[in-house]
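I'd like to ask some things about the structure below.
Labels A, B and C are assigned to the chains in the order they are written; within every chain, residues are numbered from 1.
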(Lines give C-alpha, C1' and ligand atoms only; values in the text may rest on other atoms or scores of the structure.)
Protein backbone atom coordinates (compact mmCIF):
# COMPACT_ATOMS: atom_id res chain seq x y z
CA UNK A 1 0.00 0.00 0.00
CA UNK A 2 1.29 3.49 -0.85
CA UNK A 3 0.02 7.06 -0.56
CA UNK A 4 -1.51 7.03 -4.05
CA UNK A 5 -3.52 3.94 -3.25
CA UNK A 6 -4.75 5.65 -0.09
CA UNK A 7 -6.43 8.28 -2.22
CA UNK A 8 -8.32 5.51 -4.05
CA UNK A 9 -9.18 3.74 -0.80
CA UNK A 10 -10.64 6.95 0.62
CA UNK A 11 -12.63 7.51 -2.57
CA UNK A 12 -14.07 3.99 -2.29
CA UNK A 13 -14.80 4.46 1.42
CA UNK A 14 -16.81 7.58 0.58
CA UNK A 15 -18.52 5.72 -2.29
CA UNK A 16 -19.70 3.07 0.17
CA UNK A 17 -20.80 5.81 2.58
CA UNK A 18 -22.97 7.27 -0.17
CA UNK A 19 -24.40 3.80 -0.84
CA UNK A 20 -25.63 3.58 2.75
CA UNK A 21 -26.80 7.17 3.07
CA UNK A 22 -28.53 7.54 -0.30
CA UNK A 23 -30.39 4.26 0.24
CA UNK A 24 -31.70 5.30 3.67
CA UNK A 25 -32.53 8.81 2.40
CA UNK A 26 -34.34 7.23 -0.57
CA UNK A 27 -32.42 9.33 -3.08
CA UNK A 28 -32.91 6.67 -5.70
CA UNK A 29 -31.55 8.57 -8.70
CA UNK A 30 -28.28 9.41 -6.97
CA UNK A 31 -28.10 5.85 -5.67
CA UNK A 32 -28.09 4.48 -9.24
CA UNK A 33 -24.78 6.28 -9.87
CA UNK A 34 -23.10 4.45 -7.00
CA UNK A 35 -23.14 1.28 -9.13
CA UNK A 36 -21.78 0.31 -12.52
CA UNK A 37 -24.47 -0.18 -15.14
CA UNK A 38 -23.73 -3.93 -15.09
CA UNK A 39 -23.49 -4.37 -11.31
CA UNK A 40 -24.16 -7.90 -10.00
CA UNK A 41 -25.91 -8.08 -6.64
CA UNK A 42 -26.54 -11.23 -4.63
CA UNK A 43 -28.35 -11.19 -1.27
CA UNK A 44 -29.16 -14.88 -0.80
CA UNK A 45 -29.96 -14.64 2.92
CA UNK A 46 -32.57 -11.98 2.19
CA UNK A 47 -34.07 -13.39 -1.00
CA UNK A 48 -33.43 -17.12 -0.58
CA UNK A 49 -31.76 -17.12 -3.98
CA UNK A 50 -28.15 -17.00 -5.22
CA UNK A 51 -29.25 -15.71 -8.64
CA UNK A 52 -27.77 -12.25 -9.09
CA UNK A 53 -29.71 -9.17 -9.93
CA UNK A 54 -27.93 -7.59 -12.89
CA UNK A 55 -27.77 -3.86 -13.48
CA UNK A 56 -28.05 -0.74 -11.37
CA UNK A 57 -31.54 0.04 -12.63
CA UNK A 58 -32.86 -3.42 -11.83
CA UNK A 59 -31.30 -3.34 -8.37
CA UNK A 60 -32.49 0.13 -7.44
CA UNK A 61 -35.96 -0.66 -8.80
CA UNK A 62 -36.03 -3.72 -6.56
CA UNK A 63 -34.93 -1.66 -3.55
CA UNK A 64 -37.64 0.90 -4.28
CA UNK A 65 -40.28 -1.82 -4.30
CA UNK A 66 -38.87 -3.55 -1.19
CA UNK A 67 -38.08 -0.62 1.09
CA UNK A 68 -39.61 2.40 -0.64
CA UNK A 69 -42.21 2.73 2.14
CA UNK A 70 -40.04 1.33 4.92
CA UNK A 71 -37.95 3.36 7.38
CA UNK A 72 -34.51 1.84 6.81
CA UNK A 73 -31.23 2.34 8.66
CA UNK A 74 -28.13 0.71 7.15
CA UNK A 75 -24.76 1.11 8.86
CA UNK A 76 -21.37 0.00 7.55
CA UNK A 77 -18.28 -0.72 9.59
CA UNK A 78 -14.60 -1.49 9.32
CA UNK A 79 -14.04 -1.67 5.57
CA UNK A 80 -11.09 -3.67 4.26
CA UNK A 81 -10.32 -2.31 0.81
CA UNK A 82 -7.53 -3.24 -1.59
CA UNK A 83 -6.89 -1.50 -4.90
CA UNK A 84 -5.32 -2.90 -8.06
CA UNK A 85 -5.25 -0.31 -10.85
CA UNK A 86 -8.80 0.42 -11.98
CA UNK A 87 -10.22 -2.44 -9.97
CA UNK A 88 -10.62 -2.89 -6.25
CA UNK A 89 -12.24 -5.23 -3.76
CA UNK A 90 -13.52 -4.87 -0.25
CA UNK A 91 -15.31 -6.39 2.71
CA UNK A 92 -17.63 -4.34 4.94
CA UNK A 93 -19.35 -5.33 8.11
CA UNK A 94 -22.96 -4.12 8.18
CA UNK A 95 -26.00 -3.81 10.39
CA UNK A 96 -29.49 -2.83 9.27
CA UNK A 97 -32.90 -2.09 10.68
CA UNK A 98 -36.17 -1.98 8.76
CA UNK A 99 -39.45 -0.71 10.21
CA UNK A 100 -42.47 -1.41 8.02
CA UNK A 101 -45.48 0.88 8.14
CA UNK A 102 -48.23 -0.59 10.38
CA UNK A 103 -50.46 -1.68 7.48
CA UNK A 104 -47.78 -4.15 6.30
CA UNK A 105 -47.98 -6.11 9.57
CA UNK A 106 -44.28 -6.95 9.35
CA UNK A 107 -43.00 -4.91 12.29
CA UNK A 108 -39.24 -4.57 12.66
CA UNK A 109 -36.28 -6.45 11.19
CA UNK A 110 -32.71 -6.25 12.46
CA UNK A 111 -29.77 -7.95 10.79
CA UNK A 112 -25.99 -8.12 10.66
CA UNK A 113 -23.57 -9.45 8.06
CA UNK A 114 -20.83 -8.66 5.62
CA UNK A 115 -20.73 -7.27 2.12
CA UNK A 116 -18.04 -8.77 -0.12
CA UNK A 117 -17.75 -6.51 -3.11
CA UNK A 118 -15.72 -5.32 -6.05
CA UNK A 119 -15.31 -1.84 -7.49
CA UNK A 120 -14.38 -0.53 -10.91
CA UNK A 121 -13.14 2.88 -12.03
CA UNK A 122 -15.63 3.89 -14.64
CA UNK A 123 -15.64 7.29 -16.33
CA UNK A 124 -13.22 8.63 -13.71
CA UNK A 125 -15.41 7.52 -10.79
CA UNK A 126 -15.23 4.45 -8.61
CA UNK A 127 -18.47 2.49 -8.62
CA UNK A 128 -19.64 -0.74 -6.99
CA UNK A 129 -19.34 -3.48 -9.63
CA UNK A 130 -20.52 -6.44 -7.56
CA UNK A 131 -21.98 -6.88 -4.11
CA UNK A 132 -22.55 -10.10 -2.19
CA UNK A 133 -24.25 -9.85 1.20
CA UNK A 134 -23.99 -12.71 3.68
CA UNK A 135 -25.89 -12.52 6.96
CA UNK A 136 -24.61 -13.79 10.29
CA UNK A 137 -27.80 -12.98 12.23
CA UNK A 138 -31.29 -11.76 11.48
CA UNK A 139 -34.06 -11.09 13.99
CA UNK A 140 -37.49 -10.32 12.68
CA UNK A 141 -40.94 -9.73 14.13
CA UNK A 142 -42.36 -11.63 11.16
CA UNK A 143 -41.61 -15.32 10.64
CA UNK A 144 -42.23 -14.83 6.92
CA UNK A 145 -39.08 -12.80 6.49
CA UNK A 146 -35.43 -13.68 6.57
CA UNK A 147 -35.76 -17.19 7.97
CA UNK A 148 -32.04 -17.96 7.77
CA UNK A 149 -29.34 -17.29 10.32
CA UNK A 150 -25.93 -18.63 11.29
CA UNK A 151 -22.28 -18.09 10.44
CA UNK A 152 -21.56 -18.09 6.69
CA UNK A 153 -19.30 -20.98 5.72
CA UNK B 1 -8.66 14.55 -3.64
CA UNK B 2 -4.90 14.26 -3.15
CA UNK B 3 -2.52 12.88 -0.51
CA UNK B 4 -2.27 16.20 1.32
CA UNK B 5 -6.03 16.42 1.65
CA UNK B 6 -6.02 12.89 3.03
CA UNK B 7 -3.97 14.09 5.98
CA UNK B 8 -6.65 16.70 6.71
CA UNK B 9 -9.46 14.18 6.25
CA UNK B 10 -7.81 11.83 8.74
CA UNK B 11 -7.34 14.71 11.21
CA UNK B 12 -11.05 15.54 10.93
CA UNK B 13 -12.02 11.89 11.27
CA UNK B 14 -10.06 11.70 14.52
CA UNK B 15 -11.61 15.01 15.63
CA UNK B 16 -15.07 13.52 15.20
CA UNK B 17 -13.95 10.37 17.02
CA UNK B 18 -12.91 12.53 19.99
CA UNK B 19 -16.31 14.26 19.85
CA UNK B 20 -18.07 10.93 20.34
CA UNK B 21 -15.65 9.50 22.90
CA UNK B 22 -15.17 12.58 25.08
CA UNK B 23 -18.95 13.10 25.24
CA UNK B 24 -19.64 9.52 26.37
CA UNK B 25 -16.69 9.60 28.79
CA UNK B 26 -18.01 12.94 30.13
CA UNK B 27 -14.65 14.65 29.68
CA UNK B 28 -16.38 18.00 29.34
CA UNK B 29 -13.31 20.26 29.37
CA UNK B 30 -11.61 18.31 26.58
CA UNK B 31 -14.89 18.20 24.69
CA UNK B 32 -15.05 22.04 24.60
CA UNK B 33 -11.84 22.05 22.52
CA UNK B 34 -13.44 19.89 19.82
CA UNK B 35 -15.54 22.92 18.77
CA UNK B 36 -14.78 26.44 17.63
CA UNK B 37 -15.68 29.10 20.20
CA UNK B 38 -18.54 30.22 17.91
CA UNK B 39 -19.86 26.76 16.96
CA UNK B 40 -23.51 26.64 15.85
CA UNK B 41 -25.42 23.50 16.86
CA UNK B 42 -28.92 22.59 15.77
CA UNK B 43 -30.67 19.40 16.92
CA UNK B 44 -34.30 20.12 15.99
CA UNK B 45 -35.49 16.52 16.28
CA UNK B 46 -34.23 16.38 19.87
CA UNK B 47 -35.21 19.86 21.02
CA UNK B 48 -38.19 20.63 18.78
CA UNK B 49 -36.48 23.85 17.78
CA UNK B 50 -34.37 24.98 14.80
CA UNK B 51 -32.82 27.83 16.81
CA UNK B 52 -29.09 27.17 17.04
CA UNK B 53 -27.13 26.99 20.23
CA UNK B 54 -24.15 29.28 19.73
CA UNK B 55 -20.77 28.69 21.31
CA UNK B 56 -18.84 25.71 22.60
CA UNK B 57 -19.41 26.67 26.22
CA UNK B 58 -23.17 26.99 25.80
CA UNK B 59 -23.38 23.68 23.94
CA UNK B 60 -21.24 21.72 26.38
CA UNK B 61 -23.09 23.26 29.32
CA UNK B 62 -26.35 22.11 27.75
CA UNK B 63 -24.95 18.59 27.24
CA UNK B 64 -23.82 18.48 30.86
CA UNK B 65 -27.32 19.36 32.04
CA UNK B 66 -29.01 16.95 29.58
CA UNK B 67 -26.80 13.87 29.85
CA UNK B 68 -24.46 14.57 32.77
CA UNK B 69 -26.14 11.83 34.81
CA UNK B 70 -27.13 9.62 31.90
CA UNK B 71 -25.16 6.65 30.57
CA UNK B 72 -24.71 7.65 26.92
CA UNK B 73 -23.33 5.72 23.95
CA UNK B 74 -22.87 7.66 20.70
CA UNK B 75 -21.48 5.89 17.64
CA UNK B 76 -20.49 7.49 14.33
CA UNK B 77 -20.27 5.76 10.97
CA UNK B 78 -19.20 6.26 7.39
CA UNK B 79 -18.02 9.86 7.35
CA UNK B 80 -18.00 11.71 4.05
CA UNK B 81 -15.53 14.57 4.42
CA UNK B 82 -14.37 17.12 1.86
CA UNK B 83 -11.67 19.70 2.51
CA UNK B 84 -11.26 23.16 0.95
CA UNK B 85 -8.27 25.00 2.42
CA UNK B 86 -8.93 25.83 6.05
CA UNK B 87 -12.57 24.83 5.79
CA UNK B 88 -14.19 21.45 5.42
CA UNK B 89 -17.60 19.83 5.52
CA UNK B 90 -18.86 16.38 6.31
CA UNK B 91 -21.79 14.05 6.84
CA UNK B 92 -21.72 11.30 9.46
CA UNK B 93 -24.25 8.61 10.13
CA UNK B 94 -24.89 8.20 13.86
CA UNK B 95 -26.63 6.00 16.40
CA UNK B 96 -27.05 6.78 20.08
CA UNK B 97 -28.39 5.22 23.25
CA UNK B 98 -29.24 7.01 26.48
CA UNK B 99 -30.07 5.26 29.74
CA UNK B 100 -31.42 7.55 32.44
CA UNK B 101 -30.90 6.74 36.10
CA UNK B 102 -34.01 5.08 37.60
CA UNK B 103 -35.14 8.20 39.51
CA UNK B 104 -35.69 10.07 36.21
CA UNK B 105 -38.36 7.59 35.09
CA UNK B 106 -37.31 8.03 31.45
CA UNK B 107 -35.84 4.60 30.80
CA UNK B 108 -33.93 4.13 27.55
CA UNK B 109 -33.76 6.11 24.30
CA UNK B 110 -32.33 4.83 21.03
CA UNK B 111 -31.95 6.95 17.91
CA UNK B 112 -30.35 7.10 14.47
CA UNK B 113 -29.64 9.97 12.13
CA UNK B 114 -27.02 12.04 10.35
CA UNK B 115 -24.82 14.91 11.35
CA UNK B 116 -24.24 17.51 8.63
CA UNK B 117 -21.36 19.64 9.76
CA UNK B 118 -18.60 22.06 8.90
CA UNK B 119 -15.08 22.33 10.23
CA UNK B 120 -12.58 25.16 10.46
CA UNK B 121 -8.82 25.14 10.99
CA UNK B 122 -8.37 27.32 14.02
CA UNK B 123 -5.02 27.84 15.72
CA UNK B 124 -3.52 24.93 13.79
CA UNK B 125 -6.29 22.51 14.83
CA UNK B 126 -9.41 21.40 13.05
CA UNK B 127 -12.54 22.05 15.08
CA UNK B 128 -16.24 21.52 14.50
CA UNK B 129 -17.68 24.89 13.41
CA UNK B 130 -21.32 23.86 12.90
CA UNK B 131 -23.33 20.73 13.53
CA UNK B 132 -26.85 19.90 12.36
CA UNK B 133 -28.37 16.62 13.52
CA UNK B 134 -31.36 15.17 11.69
CA UNK B 135 -32.99 12.00 13.01
CA UNK B 136 -34.40 9.22 10.85
CA UNK B 137 -35.72 7.16 13.78
CA UNK B 138 -36.05 7.48 17.52
CA UNK B 139 -37.46 4.90 19.92
CA UNK B 140 -37.99 5.92 23.49
CA UNK B 141 -39.48 4.36 26.63
CA UNK B 142 -40.90 7.77 27.47
CA UNK B 143 -43.53 9.42 25.28
CA UNK B 144 -42.36 12.82 26.56
CA UNK B 145 -39.08 12.56 24.68
CA UNK B 146 -38.20 12.75 21.03
CA UNK B 147 -41.70 12.54 19.60
CA UNK B 148 -40.60 12.91 15.98
CA UNK B 149 -39.53 10.24 13.54
CA UNK B 150 -39.39 9.75 9.80
CA UNK B 151 -37.04 10.40 6.93
CA UNK B 152 -35.66 13.96 6.87
CA UNK B 153 -36.75 15.78 3.76
CA UNK C 1 0.72 13.48 10.86
CA UNK C 2 2.07 13.09 7.31
CA UNK C 3 1.22 11.02 4.24
CA UNK C 4 3.63 8.22 5.18
CA UNK C 5 2.03 7.86 8.58
CA UNK C 6 -1.35 7.65 6.86
CA UNK C 7 -0.23 4.46 5.14
CA UNK C 8 0.54 2.95 8.54
CA UNK C 9 -2.74 4.20 10.02
CA UNK C 10 -4.67 2.57 7.18
CA UNK C 11 -2.74 -0.67 7.67
CA UNK C 12 -3.62 -0.66 11.37
CA UNK C 13 -7.25 0.19 10.61
CA UNK C 14 -7.45 -2.86 8.33
CA UNK C 15 -5.65 -4.96 10.98
CA UNK C 16 -8.38 -4.05 13.49
CA UNK C 17 -11.04 -4.80 10.87
CA UNK C 18 -9.56 -8.29 10.47
CA UNK C 19 -9.61 -8.70 14.26
CA UNK C 20 -13.37 -8.11 14.31
CA UNK C 21 -14.20 -10.10 11.18
CA UNK C 22 -12.00 -13.13 11.79
CA UNK C 23 -13.30 -13.44 15.36
CA UNK C 24 -16.96 -13.38 14.26
CA UNK C 25 -16.24 -15.72 11.34
CA UNK C 26 -14.41 -18.04 13.76
CA UNK C 27 -11.31 -18.17 11.57
CA UNK C 28 -9.17 -18.89 14.61
CA UNK C 29 -5.89 -19.65 12.84
CA UNK C 30 -5.95 -16.40 10.88
CA UNK C 31 -7.00 -14.56 14.03
CA UNK C 32 -3.82 -15.67 15.83
CA UNK C 33 -1.76 -13.72 13.27
CA UNK C 34 -3.54 -10.48 14.13
CA UNK C 35 -1.65 -10.43 17.45
CA UNK C 36 2.00 -10.44 18.46
CA UNK C 37 3.11 -13.71 20.05
CA UNK C 38 3.40 -11.89 23.40
CA UNK C 39 0.16 -9.89 23.21
CA UNK C 40 -1.29 -8.79 26.58
CA UNK C 41 -5.09 -8.75 26.76
CA UNK C 42 -7.16 -7.42 29.66
CA UNK C 43 -10.96 -7.51 29.68
CA UNK C 44 -11.74 -6.82 33.36
CA UNK C 45 -15.41 -5.96 32.82
CA UNK C 46 -15.96 -9.32 31.14
CA UNK C 47 -13.79 -11.52 33.34
CA UNK C 48 -13.86 -9.61 36.64
CA UNK C 49 -10.06 -9.69 36.66
CA UNK C 50 -7.32 -7.23 35.68
CA UNK C 51 -4.78 -10.05 35.25
CA UNK C 52 -3.72 -10.07 31.59
CA UNK C 53 -3.88 -13.04 29.33
CA UNK C 54 -0.44 -13.30 27.74
CA UNK C 55 0.13 -14.61 24.25
CA UNK C 56 -1.86 -14.92 21.07
CA UNK C 57 -2.34 -18.67 21.47
CA UNK C 58 -3.64 -18.32 25.04
CA UNK C 59 -6.03 -15.54 24.04
CA UNK C 60 -7.40 -17.24 20.95
CA UNK C 61 -7.75 -20.51 22.86
CA UNK C 62 -9.78 -18.63 25.49
CA UNK C 63 -11.97 -17.05 22.78
CA UNK C 64 -12.57 -20.47 21.24
CA UNK C 65 -13.74 -21.84 24.57
CA UNK C 66 -15.87 -18.77 25.37
CA UNK C 67 -17.55 -18.06 22.04
CA UNK C 68 -16.71 -21.05 19.86
CA UNK C 69 -20.37 -22.13 19.88
CA UNK C 70 -21.85 -18.64 20.21
CA UNK C 71 -23.10 -16.43 17.36
CA UNK C 72 -21.02 -13.30 17.90
CA UNK C 73 -21.18 -9.89 16.25
CA UNK C 74 -18.42 -7.41 17.13
CA UNK C 75 -18.41 -3.96 15.56
CA UNK C 76 -15.69 -1.31 15.83
CA UNK C 77 -16.10 2.43 15.36
CA UNK C 78 -14.19 5.67 15.11
CA UNK C 79 -10.60 4.53 15.64
CA UNK C 80 -8.08 7.10 16.87
CA UNK C 81 -4.65 5.84 15.85
CA UNK C 82 -1.25 7.46 16.29
CA UNK C 83 1.99 6.02 14.92
CA UNK C 84 5.53 6.41 16.26
CA UNK C 85 8.03 4.45 14.17
CA UNK C 86 7.42 0.72 14.62
CA UNK C 87 5.00 1.30 17.46
CA UNK C 88 1.50 2.71 17.50
CA UNK C 89 -1.45 3.15 19.82
CA UNK C 90 -5.16 3.47 19.34
CA UNK C 91 -8.61 3.72 20.87
CA UNK C 92 -11.66 2.10 19.28
CA UNK C 93 -15.26 2.32 20.26
CA UNK C 94 -16.96 -1.07 20.13
CA UNK C 95 -20.32 -2.80 20.37
CA UNK C 96 -20.90 -6.53 20.58
CA UNK C 97 -23.71 -9.03 20.65
CA UNK C 98 -23.49 -12.67 21.72
CA UNK C 99 -26.29 -15.19 21.25
CA UNK C 100 -25.71 -18.48 23.07
CA UNK C 101 -27.19 -21.71 21.72
CA UNK C 102 -30.41 -22.60 23.60
CA UNK C 103 -28.85 -25.38 25.69
CA UNK C 104 -26.58 -22.84 27.43
CA UNK C 105 -29.56 -20.98 28.90
CA UNK C 106 -27.70 -17.68 28.66
CA UNK C 107 -29.74 -15.96 25.95
CA UNK C 108 -28.34 -12.76 24.50
CA UNK C 109 -25.70 -10.30 25.67
CA UNK C 110 -25.21 -6.79 24.29
CA UNK C 111 -22.37 -4.50 25.32
CA UNK C 112 -20.53 -1.30 24.43
CA UNK C 113 -17.12 0.03 25.37
CA UNK C 114 -13.68 1.04 24.18
CA UNK C 115 -10.53 -0.82 23.31
CA UNK C 116 -7.32 0.95 24.30
CA UNK C 117 -4.52 -0.81 22.48
CA UNK C 118 -0.97 -0.76 21.20
CA UNK C 119 0.46 -2.12 17.99
CA UNK C 120 3.93 -3.25 16.95
CA UNK C 121 5.46 -3.75 13.53
CA UNK C 122 6.66 -7.30 13.64
CA UNK C 123 8.17 -9.10 10.63
CA UNK C 124 6.91 -6.34 8.31
CA UNK C 125 3.32 -6.58 9.59
CA UNK C 126 1.47 -4.52 12.16
CA UNK C 127 0.02 -6.64 14.93
CA UNK C 128 -1.95 -5.92 18.08
CA UNK C 129 0.56 -5.93 20.97
CA UNK C 130 -1.82 -5.11 23.82
CA UNK C 131 -5.56 -4.73 24.18
CA UNK C 132 -7.51 -3.36 27.14
CA UNK C 133 -11.31 -3.39 26.91
CA UNK C 134 -13.39 -1.20 29.21
CA UNK C 135 -17.19 -1.44 29.11
CA UNK C 136 -19.55 1.48 29.47
CA UNK C 137 -22.74 -0.62 29.33
CA UNK C 138 -23.67 -4.28 29.25
CA UNK C 139 -27.16 -5.74 29.06
CA UNK C 140 -27.55 -9.45 29.47
CA UNK C 141 -30.41 -11.93 29.68
CA UNK C 142 -28.41 -13.80 32.31
CA UNK C 143 -27.59 -12.23 35.66
CA UNK C 144 -24.56 -14.54 35.92
CA UNK C 145 -22.74 -12.70 33.14
CA UNK C 146 -21.14 -9.30 32.94
CA UNK C 147 -22.56 -7.82 36.14
CA UNK C 148 -20.70 -4.52 35.86
CA UNK C 149 -21.80 -1.39 34.10
CA UNK C 150 -21.13 2.33 34.29
CA UNK C 151 -18.68 4.83 32.89
CA UNK C 152 -15.02 3.79 33.25
CA UNK C 153 -13.12 6.19 35.48
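By definition in this document, contacts are C-beta pairs under 8 Å (C-beta built on N, C-alpha and C of every residue); 3 or more make two chains touch, one makes a residue touch a chain.
Predicted, not measured: the structure shown is a model, and the values here were computed from it.
Under half of the residue numbers at the chain A-chain C interface are used by both copies of the sequence. For the copy pair chain B and chain C, the superposing rotation over Cα atoms measures out at 120 degrees to the nearest 5.
A straight line joining the Cα centres of chain A and chain C is 26 Å long.
Within chain C, residues 3, 6, 77 each touch two or more of the remaining chains. For chain C in complex with chain B, the residues that touch the partner chain are 1-3, 6, 9, 77-81, 91, 93, 95, 112, 114, 136-137, 149-152. Of all residues in chain B, those touching chain C in their complex are 3-4, 6-7, 10-11, 13-14, 16-18, 20-21, 24-26, 71, 73, 75-77, 97, 99.
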